[in-house]
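Here the structure comes first, spelled out in structure tokens, and everything after it is commentary.
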Amino acid sequence: MPDRLVRAPYPMTKVFYRPALAQVLRVDQLTQSENLLALRMGTGEPLNHEPGQFVQVSLFGYGEAPISICSSPKGKEGFEICVREVGTVSGAIHDLEPGDWIGIRGPYGRGFPVVELEGKDVLIVAGGIGMAPLRSLVGHIRDNRRRYGRIIVVYGAKNPAAILFKNDLKVWFEDEGIELYVTVDSPDESWTGRSGVVTSIIRDLDLGSSASMNAVVVGPPVMYRFVAMELFRHGLTEDRIIFSLERRFKCGIGKCGHCQVNDLYVCRDGPVFRYSELLGRSEAVEVWAPEEQ
Amino acid sequence: MAPLKQVVSSEGLFDMLREAMKELPVIAPAERKDQPGFHHFARLQQAEDFVPDYVTTTLPPKKAFFQPSETLFTFTTDQPPALELVSDTEHFVLAGVHPCDLAGLDALDLAYSQPPAEVRWPADRGLATVVGIDCMPDDYCFCSSVGTCLTRQGCDLFLTKVDRGYLAEVYTPAGDTMLAKVRTWEPTEADIRDAEQWRERKVERMTAHLEADPAEIADLLEAGGLAHLWKETAERCYSCGSCNTTCPACFCFDMHDEFDLSLKTGIRRRTWDSCQLLEFALVAGRHNFRQEREQRVRHRWHRKFLYLYRRLGRAYCTGCGRCSRACTADINLVDVTNALIAHARKAADHA
Amino acid sequence: MVRDAKINVHHLTRVEGHGDIVAEIRDGRLEDVKFAVVEAPRFFECFLQGHSYEEVVHIAPRICGICSVSHKSAALKATESALSVEVSRQTRLLRLLAFNGEVIGSHILHAYFLALPDFFDAPSVFPLVQTHKDSVLRGMRLKRLGYDICEVVAGRHTHPVGMIVGGFTCVHSEDDLIALRERIVQGLEDMKETVRLYKSITIPQFERETEYVSLTHPDRYPFYEGAIHSSEGRTISTSDYRTAIREYVVPHSTAKHAKWNRREYMVGALARVNNNFKLLSPTARQAARDLGLEVPCHNPFMNTVAQVVESMHCLEDCVDLIDEMLSHGLVARDESVRVVPRAGVGIGVVEAPRGILFHEYGYDDDGVCIAANHVIPTAQNLANLEADMREYVPQILHGTEEHITHQLEMLVRAYDPCISCSTHVVHLTVR
Amino acid sequence: MPSSSKPKAAFFDFACCEGCQLTVLQLEETLLDLLEHVDIVTWREVMTGESESYDVAFCEGSITRERDVERIKKIRETAGILVTLGSCAGIGCHNAVRNKWPVEELLQKVYGTEEVVSDAIPARPITAVVPVDYQVLGCPISLPEFVSVFKHVLTGRKYYPPNQPVCVECKLNDYLCVYEKGMICLGPVTRCGCNAICTSRGDACHGCRGLIENANLNAMVKVFTEMRKLHPIMDAVADRHRPTLEQIRRRFAVYNNWPELKLERGTTHGA
């Protein structure tokens, strides 16, 4: 069993589970199953989030679901979320139109260690909807580009039609300060870019001997172990690999117990963790490793 | 500081509740109408219904603060929606709480106040005057093993049976006010000795024991190597969740929305949940992070004796024995824990 | 005047289960008329075998959702008799109470929601919500009251819970009974209104003398207990039911019919009222007179009126039963007795809302069912119903085909047939 | 009365006791509220007339004959949304108990020696014949769950029949576990949603809503048929029952017959 998580105290907010209200400003359909929504809090105040944090989004009558904030904290007008339709709440989110009201609790959780990463090189690895929180991180880095070293973004999508944030990708591609690689699992005739899983891209990357390289990885559960293996091969150590985990959240504040990964509450202690913090926590990356106790 | 002590007669105890009932609802252990011979915490209709010497109840008294299923707020589907918090504001008396259950309330006080703190639980807690009472164990109790035998935290008044009535320890002004309504006597040495003997007898009569203290159990769990034990236990376990839903120290919950038939208004509800249930850790894409029964069993023990012990400094078990009584598969927490202690010690000896 | 017609009512509506009316009129003469049961077979008597007595009494009520208390009671009585189990007085009274609740619920459902639309020329009760809202709401109140009586005793109306061999698994509370009593007393007002409603309705005039079979009892209107009685003057003990009631397969029909002294007999509310008029409560007897129900009554359409009369009786009987229980004080414990399985055969006979109902079970030493037989009211009524149709059609041939069809439908509905429970009556081609 | 904008609902029944329809009728006045949202166009048990088209079909009962298969397929084709009512339609219920005998033998048993022609087939739930969109389980259905599913249908939300055991509802209601009274209960392996109505009455759960996913049937076999000292409460249960494997199997077989239930030492259902 590893050490207990040593982190700064969590802000002393108090929670009554009643969300604040926010209004939908814009809805953009990104893909067949993903929408981008721009929101503004009813109070008109900014959300004040860190990249990697999430909000609990309420559609009254349908329920609540944790959704990452996908815009940079510097966003002038409200904030953005990107939602994939998978079930009840996300389905109802997809029926929203500009002007509609929804409920928001948060921002909650601990985001990416943007301050600690300052001065370092960052490899950002995104799989599928994992791009959502990472878009916030990339946005933040671009807003503060001078503070960071080399930035590489590797993004894998299922197929060309499933690629999110195509407009952003175009901008990043133009951006000299970002090395961008986009790959798809199953290409079609129109696709001229790379194909294959993200690990194959990472394998071929020249990360140099840079000892200051850190990796930030967000994607489906199966991705983590394979990506980590590649990163080890490049010489990254566990404390320089950063994951964001997805679990079931009900309360979002470390009470309801659903998101627990061994002793950690993903919603409160995470969702962002360094791999070193997850070592020995058998429920974190693997689905089930019975031999590991 | 030692609490103020007074003696109240047995009849006086009922008078005290009767007085309290004039102003406030009193929730206390009473005999079940649907099944005489068994007890539950219920709102008293008359003071005589209070049973001071009950052994245990199915649900712990935490249900007085956090009902098994409670409404958080109501909503409308207007634009913008109108949300209205639903919370209790009525003060009440919770009487007849055993030390293990006081420990349970204390455990939840601690858990729910971790930042970011929730407001509901402490708000509801603030509404209650809590009267504790000492008890005698049955075959399932083992509070002496987890150090909750003498818990007085969170109670305003605590009663111990003595020869001429009850020795009342006053912990707060609220407790004092309750007691002040009835005739009391200064305790004599005999009273103090009676109460002392009650506590000794209680420990003597305890037949169930954990073979290690919580600190050691945490270490042993951390050392691991217990896979076969989780597997064996899981083979018998139904994953019915009864062990969690009856536990005074469990606090997981689920939340969901319900529309009214008008489809224009509704409520958000939260309901007790259990980590032993199959879908507790299910996420989108049908991915279940504790799909296997043995994972869930292991999680239960780890959460009770390791995770929260490390995080909050106490085991999340109060020794009340409810989970073992309630287990429909005859899985006894003490037996399983002792088996793991024995196994881990043997493994350590061999190493 | 209809000379030639082929009437075919496929899946008659507003009855329980599936049945077709088939009639053929040629040259102004009725050639053939049938009520064909097309309900899917369910084979209860077979598959109960191999289940223990506890499971048998659990499954048996699932024969029918509308009269599951009756089936439950019949199964319990049969099983208790087979296993020599005596139930307490309190258990008997509670069962009587639940039984009344079911009779009220079932009769009101029929009188208000299935039959009433016919008299108001509506296809269903839904349009009546607009035109006769008071009546509809009253019907709902009364039906709910009947169901709630079941609920207080046995948890719910459809497939009661807690009723087991030897008694009840639950503890009943006097407070619940007192509250229920109050509602029943209020319900009596609604019942009086119901009598007034039915007074304003014209029941078709048609008479055919037949045999009426029901339970009979020396001192209480028999639903739950009694001996088997025929209007032909014979009374036999329930254990001899097989010597009297004979089921047979008829070549012209597709379902099993039943007979006793005559070629056919009628069971149900009208049969009970005809056989036991004196045992009805005074108010119920007065209601019968108000509604023109003089015994013996040979008009099958009056069966619905008999149901109204019986509902009145049952409500009043509920008050008496509750008073009796309260005067003794309810025993505050669960009323189940420990049952020791043993081999035996038992017969349980009750009056379901639709008529006399027989359950018979044989158990082996371990209390496992080795034989089961059910005789269901609607099956017993089929022969009589067809005889009525044969006699009625020639009387109404002057009308239009629609009229004849509608009258036939009304006639069948008056029997309040419950086809889904007719486990015996299966639509089959006999080779 | 009908306004064309409201969805049209129809009720159909197959082999069953019609108790589920009857339960829907118990909505009484609430049924009128429901009619604010839908027009009922076909319901043989309570209304004359039927419609060829409908949006939502509520179907109860099991499929027991060839012609039923055709009929339910037709309904499936017509209805945008198919909702099954009750365990007969959802899991086969006791209708499927008979499947352990061949159909011919059953007919023989009920009709004596006469040879009969019938299109009877082994009984199966509707869910085994056509895809269904919503399920309300129970024998009979529970009214609050029906209303809840109805609201899900109207708002286009998916409804998952609860996959938690009855013990959860039993405990949340603070009912006394019937094990305490020495009765054996199928609650630990049976889907809830009934609000534990049977145990609320001190009766055991008979399993009418079918098994939860991944039910550990083996646990019951292990607990009661293994030679081992049990704890005091369970001792009382075992003392009274000590069921054999066959008795346990029979108890499960009251409701869980489709598909065939396998219960033996060393199996975990659905795992």
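In this document, chain identifiers A, B, C and D correspond to the written order of the chains, with residue numbering beginning at 1 in each.
In the analysis below, a residue touches a chain if its C-beta (ideal position, glycine included) is under 8 Å from a C-beta of that chain, and two chains touch if they have at least 3 such contacts.
Because the structure is predicted, anything quoted here is derived from the model rather than measured.
Participant: With centres defined as the mean of C-alpha atoms, identify the chain lying farthest from subunit A.
Facilitator: Chain C.
Participant: For subunit A and subunit B, let me know how many angstrom lie between their CA-based centres, rounded off.
Facilitator: 38
Participant: I'd like to verify one number: the distance from the centre of subunit C to the centre of subunit D, where each centre is the average of its C-alpha atoms, in whole angstrom.
Facilitator: Subunit C and subunit D have C-alpha centres separated by 25 Å.
Participant: How many angstrom lie between the CA centroids of subunit A and subunit C, rounded to a whole number?
Facilitator: Comparing mean C-alpha positions, subunit C is 66 Å from subunit A.
Participant: Would you kindly tell me how far, in whole Å, the mean C-alpha position of subunit D lies from that of subunit B?
Facilitator: Here subunit B and subunit D have centroids separated by 36 Å.
Participant: Could you list which residues of subunit C touch at least two other chains?
Facilitator: In subunit C, the residues touching two or more other chains are 170-171, 334.
Participant: Residues of subunit B that contact two or more other chains, please.
Facilitator: Expected reply: 34-35, 258-259, 263.
Participant: At least two other chains touched by the same residue of subunit D: list those residues.
Facilitator: 155, 181, 202
Participant: Is the way these chains touch best called a line, a ring, a star, complete, or other?
Facilitator: Graph shape, chains as nodes and touching pairs as edges: none of the named types, so other.
Participant: What chain pairs are in touch here?
Facilitator: In this structure, the chains touch in these pairs: A-B, A-D, B-C, B-D, C-D.
Participant: Which bits of subunit B are touching subunit C when the two form their complex?
Facilitator: 33-36
Participant: Touching subunit B in the complex: which residues of subunit C?
Facilitator: It comes out as residues 170-171, 173, 332-334.
Participant: Which residues of subunit B touch subunit A once you look at their complex with the stated criterion?
Facilitator: So the residues of subunit B in touch with subunit A come to 72-73, 75-77, 79-81, 83, 85, 111-112, 114-120, 222, 224-227, 251-259, 263, 266, 268, 270, 273, 275, 280-285, 287, 289-292, 294-295, 299, 302-303, 306-308, 310-311.
Participant: Name, in rising order, each residue of subunit D that touches subunit B in their complex.
Facilitator: Subunit D reaches subunit B through residues 30, 33-34, 37, 147-148, 151, 154-155, 163-165, 167-168, 171-177, 179-181, 185, 187-189, 202, 212-216, 218-220, 222-223, 230-234.
Participant: Show me the residue ranges of subunit B that touch subunit D in the complex, using the header's touch definition.
Facilitator: Against subunit D, subunit B makes touches at 32, 34-35, 38, 40, 58-59, 63, 68-69, 139-140, 235-242, 245-246, 258-259, 261-263, 271-272, 274, 277-279, 293, 324-326, 328-330, 332.
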